[in-house]
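Single-structure report; data block below.
Chain IDs A, B, C, D and E follow the sequence of writing; residue 1 opens each chain.
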């Protein structure tokens, strides 16, 4: 069958699953309320159905991609109907446009990679969840949300225009809200979910404005049309040419990038991601590691035509990426919550991807996205398995010595850790090293960023192995009772781990560096698949004016750095645990600061809580601090001050004025009455008075 | 020394009488006397009418005056009737003592 | 017939004759033929008959005018003029008399007062109004006014056993006589200016003098005092609340409607007749008075707890609105006065009649609390009252809106924007106190369980006013045409 | 009958009310049944409008004209264009659902209650159908009285204050508006020598800018108070908080739209010169933006569930007015669409408050929490309503807001940028509300045993939900319906706009 | 000529004095008497103005009729205790001020008007009829209607006073 024309079906399978779950789920999972009940057959149906839908989408995607490869121009667009229309709109260039966002799908090398990752990894995580969530309440709800998420994610990556992309964009945000808050009886979970949603909303505001500005400039929001417009000298023919100069493009790109920072947890909008760890672990794996958070990267890559023409923005992207990378890594160094370490690591890895985007090496960014999807998902699921084994314990200080108790988990995570650390031969090595090389070598490259990248690489290796060592090696720190009950996870959970491990190990071999010229070109399939599509200038020119020796050197350097990191970690956490504390004490403030995430949240809290405690008044005190933190991030206490001021204004000024008038009216009613003394002669007197005035009027004139 | 009497004199006189009557209405407590003061006012009107009628050499004014007197009679009669009714209930005819109705 | 009493004179006089005739008949039959309490209703029948005959006469006059195609005809060598204006207003008087008569029967029963004199006086009062609307001679107008006023003095004090009624009568009488003294003083000066008492001659005479002539002003000022007193305009309004409160409620209704309408007819006759030349003198005067009247009326009404008093103040404020029509002075304005008086008659009568219905044996039913929960007790009355109040407030689609509409339009046409805005804002104030009544009717708890007084006559009267108030609001066309015929200045 | 379709739609509820009055007040259930039947009939007769309406025809359709008061030049003229079509449908649907929703909420004085509702229904439809200023004004005022009683009789503790405040505010506004109307009426007479209230005729009138400005401000007072725009909004929270559920539903969903509709139908087309006067546009757009942000901020701080929703209306209506005064096709179309959306989603939110209030008789947010455990259906409905109000794509809210933003952006980028903050805050206060009431543990023992939505309540919500999703996924029909009328308005106000459109060769237009 | 003047001043004085006394005398009876004085003064003025018929009417109707009525009422309602109280109310000084003000204004108006008071040439020269005839002539020709209405007025007055005054009907 023709998969290419049925790509519009791909998102629909998960959607069907979601609808089924959310509306009939309760019947399928009657005692979904209680945890720990044996899996009934109908529940098994859920377990088959939901991963099944994702699998189907995966197969369709694979088929479509295969057929896409056979196309000459490797682009296929399917438009079902016009979704969001508009009325005539006079663009910046004076031409008329009409907003028309189709319900349309675009399959090209970029989106093909994404759908494969989303459906593939998504499927594995679904399978894993069957085991992991098996005993949780609201099983059906969980899978409903998960499928819904996949649906929106696929919309996001398959959309053929920015508006529809925005649908997916918001949709995944919603699902992340729902899934983070899945344990909605936990207040912290609810807060985290809301924080995530609202912070993303801030980014989305930027995104919307970006879309509008783009529409105002190009008169369209279709990727292909925008690219076409840009292909010819940057902007469409007609008067737009003058007006839509450089400034506008950088404005557009900047606004889009704000959206990206929100979704992909870049500085300064990254604080929601660590909190998001409140959600179930598979959620963290799927949404906050493999797929959703990479949407920002995808969007930037998707708009690469624009970003190329806006060097300022690209520079900003690179710098923000680098800064976020190192900031997050530094925090990860000292975290003790296993999932938080991974969360910060995710942030930092995303930073890498943006670095790549910033220097124009978009295919590398996507490459890293792809490898990262494997090993980060693996690590999350692994940690999930660990937590599962320890009955919910997340603090690494209470772990250790699990190596032999849960071997599969241990080995798979071992591989994952190697991969992320960038040990040659594993996926992480190829992608990260390519990023570093591009940052160093590309014409847009920035040396400072490169340095940051290398240091971050070292940190990465360190904290990741710190995690491994603290978890699996050394003496068990958990109490005997827990240790007694530690057990390997069921097959349904371990098999995905193994598959992901394989991916992390071998996934990189489709993108080996050109340097390894001894390998056939098939080992560079990824680059050949994406590079021509993603770059405007001729492929791989980057290497030319850099001696091969340099590249070897840098590669060695990064490997060395990684190994050092691992070594230090081993020394501190296996051989001489006591030195860890010693070092911590020695580092003193730095350590504490890092431990406390550089007090960024506290800084916000200070702004919101105290600032408002001072400025606020009782209404503000009653106001839940964390809500402000999450709720109105950024302008927190100003918001709350103004909003209480507004209420004050309402009650005292606006209403006050009204009340005052009515009061004066009522009041002035009494003099009128007092005049009415009841004495007839007083009335007569008033009449005569009136007469006097009347005659007086004659004299006056 | 005595300059001739013009209509203006009569007007002035009637105005004065009008004001005296008004004063009575405003200041006297006894309602009967207030009614009398009103009679004064009407007489002021009559003086006017007669003066004009003489000045204009037509007797319409005098006829008008007759009607004014008639009206005065009628008002006086009804007024006194009402006064009697009032006096039956309140045992007083002091104007400033009847102030049930006010405000 | 003699040369002095031609058939045309007779024709012009028929309605008045009918009213007077049947009035006297009632006086006589009251103790000659129907002394027994059971037979009183015959007296009411006589009133109805008298009104009917008078109406017939009026109708014939109307026919005559339209048949002849003349705008007017005079009688008694100019002492009387029959024109659209007089006919329009006389219709209002007759309807008012009819309705009040119907409503009074039951009320008098409750008050235990005599019927005969009452009905007779109503008709004589109407007779006086007739001359106020038709008269074009100072003397006629003066006598007509006295006739009407006299009857009202008596009727206000009709509850001889009731202190409040006595007091109201005394106050009304003293102030009324006082003010009519000023009025007639002004008349005398007018006579002096013109040497004649016919309005036409006076107009000519005044037109011949310059506008700010002192004597003209003297006449104008004193006359104005008398007239403004009759329409209860500030600062000559103070009798109204007391008289309205103390008088028997039916009389209050009649007073607030009949007397006011007649006085406005009178006022318009004078101001658009003899005083028209001095327009620029009295225009600012009347605007000021109108504003003051609206202000005092509306503001004082806010804090009233006695419905009759509240309605009294509201009727004062309405007088202010009507005056604005005279201030505008253009055809729209004059038509506005006619329309306003028309709708005001019905809605105000209706409102007072509901209060009449609240008067039960040993329940005075004049306070806001007495209206409490009227909706539960008798929805019909409550809804009618609601309609009347909405109409008084001037909210479409009730009749009251039309009156306001014309006044506003006239003001805008003549560029009195400030007055227009002021009048408009006072509508909101008025709504505030009208809705205090609505509130106690619909939202407050029931004050007492005693059912409201009701009789065929009262029901008929209420229904009539209610239907008219709505009908005029929803389909005003015929009424507007009627008002159109009443325009004085052509 | 077919050529009198509009009159049928207009008077069905009134007829229903008159018959209702004949039913003795003691037969409560009979009254309820009849009221619902009548309202449903009103809905049914309004449905044919959908297919009888020709979206390609310009001007008004199904016009009926009857001489009413010739001597005033007032006629009974009704007709619809795209804008009024949508609003009328909204009225009939929401009106019916509101009546349906109050089956168990209203226990005493049932008869009067339903009578008032049906009367009000006619009034509101009349406002949207009238093409004669006199008729319009009559209906405009007719609507006031029932709402006064609905708030004043069946409302909360401070109902008297709220009711009279609502009444006085609106009345004061409308009387001043009347002065504006009369001024135009007179101006028309001066120019054409005959009096008329017909909109079509008044359109021909061209007044000097000065007069237009005065009239504009007169209208503005009337409409802005109704909307309500920023400085005039304080009656809204009071009215909403005190009104019974169905009352606030109708108030929010339909009554407020009378104001925006007034701007669209009268202010803009009748006073084109004043409407593009930069100062006026600046002021009104400014007020709208203030309303957007201000309303959102205030609702962020509310402790009272219903008050929060009320203030959110202020914010949403701010979007509507902003769209109107962007004075371009997208702004206007978006505004109308957003009016419908607000009607749907805020209507749902008020119904939701009503449902819970009926069970617990308190609206204090802190009284609740964790209701999602107890009432899952309720939680789901609430979630969707909330998201549609927060403007989540694939639900109605987004379409409207986005289109308005598009228009605002075209008019002035700063406006759009500022308005977007409203979107962020919207998410903030709604999610926070949802979390405080629905999520978390069940803190309050009283909430343990609350029954979930029953069938009738679901029946009330489902149509609205369906409608919300429809608009969200396939809004094209709405744009088609709105294209013509919007174009006419824009052409009236900014003739050059469509000339530019014509001149410009169609850009990326597929 | 000077006789007229003298008489005018005499009667004017009489009128005003009577008026003032009416308003100021403590006892109602005295007031009534002084009112009669004033009325007679007015009658005299009528005589001066060649209104003989009016003079007669004034004397007969007023002095003979109305005043008797007044005195009768005064006797009927014995006001001796009222006579002992103060005869002016509290606002008298205020009233005086107002009246003075109005007086001044009216005086000014009249003063201004005196010049303007030349009302054309006196109308048709006096016919040879006696005053009474002329009055009758005008009354029954021009003022026939008011004359008739006046009868109704008086009827109403009679009925009214009866209704008011009698104890029970």
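In the analysis below, a residue touches a chain if its C-beta (ideal position, glycine included) is under 8 Å from a C-beta of that chain, and two chains touch if they have at least 3 such contacts.
Everything numeric here is computed off the predicted structure, so don't read it as measured data.
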item	value
Path length in the contact graph (chain A to chain D, fewest steps)	1
Chains in simultaneous contact with chain B and chain D	A, C
Label of the chain whose CA centroid is most distant from the centroid of chain D	E
Chain pair with the most C-beta contacts	B-E
Per-chain CA centroid nearest to the all-protein CA mean	D
Chain located farthest away, centre of chain B as origin (C-alpha)	A
Computed distance of Cα centres, chain D from chain C, in Å	44
Chain centre separation in whole Å, for chain B relative to chain A (CA means)	98
Distance from the mean Cα position of chain C to that of chain B, given in whole angstrom	26
Distance between chain centroids, defined by C-alpha means - chain A, chain E (Å)	104
Residues within chain D bordering two or more other chains	none
Overlap residues in chain A, where contacts from two or more other chains coincide	673, 676, 678-682, 684-685, 688-689, 691, 695, 698
Touching two or more other chains - residue numbers and ranges from chain E	89, 91, 95, 98-99, 102, 106, 109-110, 113, 117, 119, 123, 142-143, 146, 150, 153, 156-157, 160, 163-164
Full enumeration of touching chain pairs	A-B, A-C, A-D, A-E, B-C, B-E, C-D, C-E
Residues on chain D engaged by chain A in the complex (per definition of touch)	165, 231, 233-234, 237, 294, 297-298, 300-301, 303, 328-330, 333, 370, 372-373, 376, 380, 387, 392-394, 398-399, 402-403, 405-406, 409-410, 413, 416-417, 420-421, 423-425, 427-428, 431-432, 435, 438-441, 473-476, 479, 482-483, 486-487, 497-498, 500-501, 504-510
Complex contacts: residues of chain A adjacent to chain D	22, 26, 81-91, 93-100, 163, 166-167, 170-171, 174, 177, 181, 184-187, 190-191, 193-194, 197-198, 201-202, 204-205, 208-209, 212-213, 215-216, 218-220, 222, 225, 229, 236, 238, 619, 622-623, 627, 631-632, 639-640, 642-644, 646-647, 650, 654-655, 658
Chain C partner contacts - residues on chain D that touch it in the complex	68-72, 112, 137-138, 141-142, 144-145, 148-149, 152-153, 160, 164, 167-168, 171-172, 175-176, 178-179, 182-183, 185-186
Chain C to chain B touching residues, read off their complex	138-139, 142-143, 146, 150, 153-154, 157, 160-164, 166-171, 173-174, 177-178, 180-182, 184-185, 187-189, 191-192, 195-197, 241-242, 245-246
Complex contacts: residues of chain A adjacent to chain B	673-674, 676-681, 684-685, 688
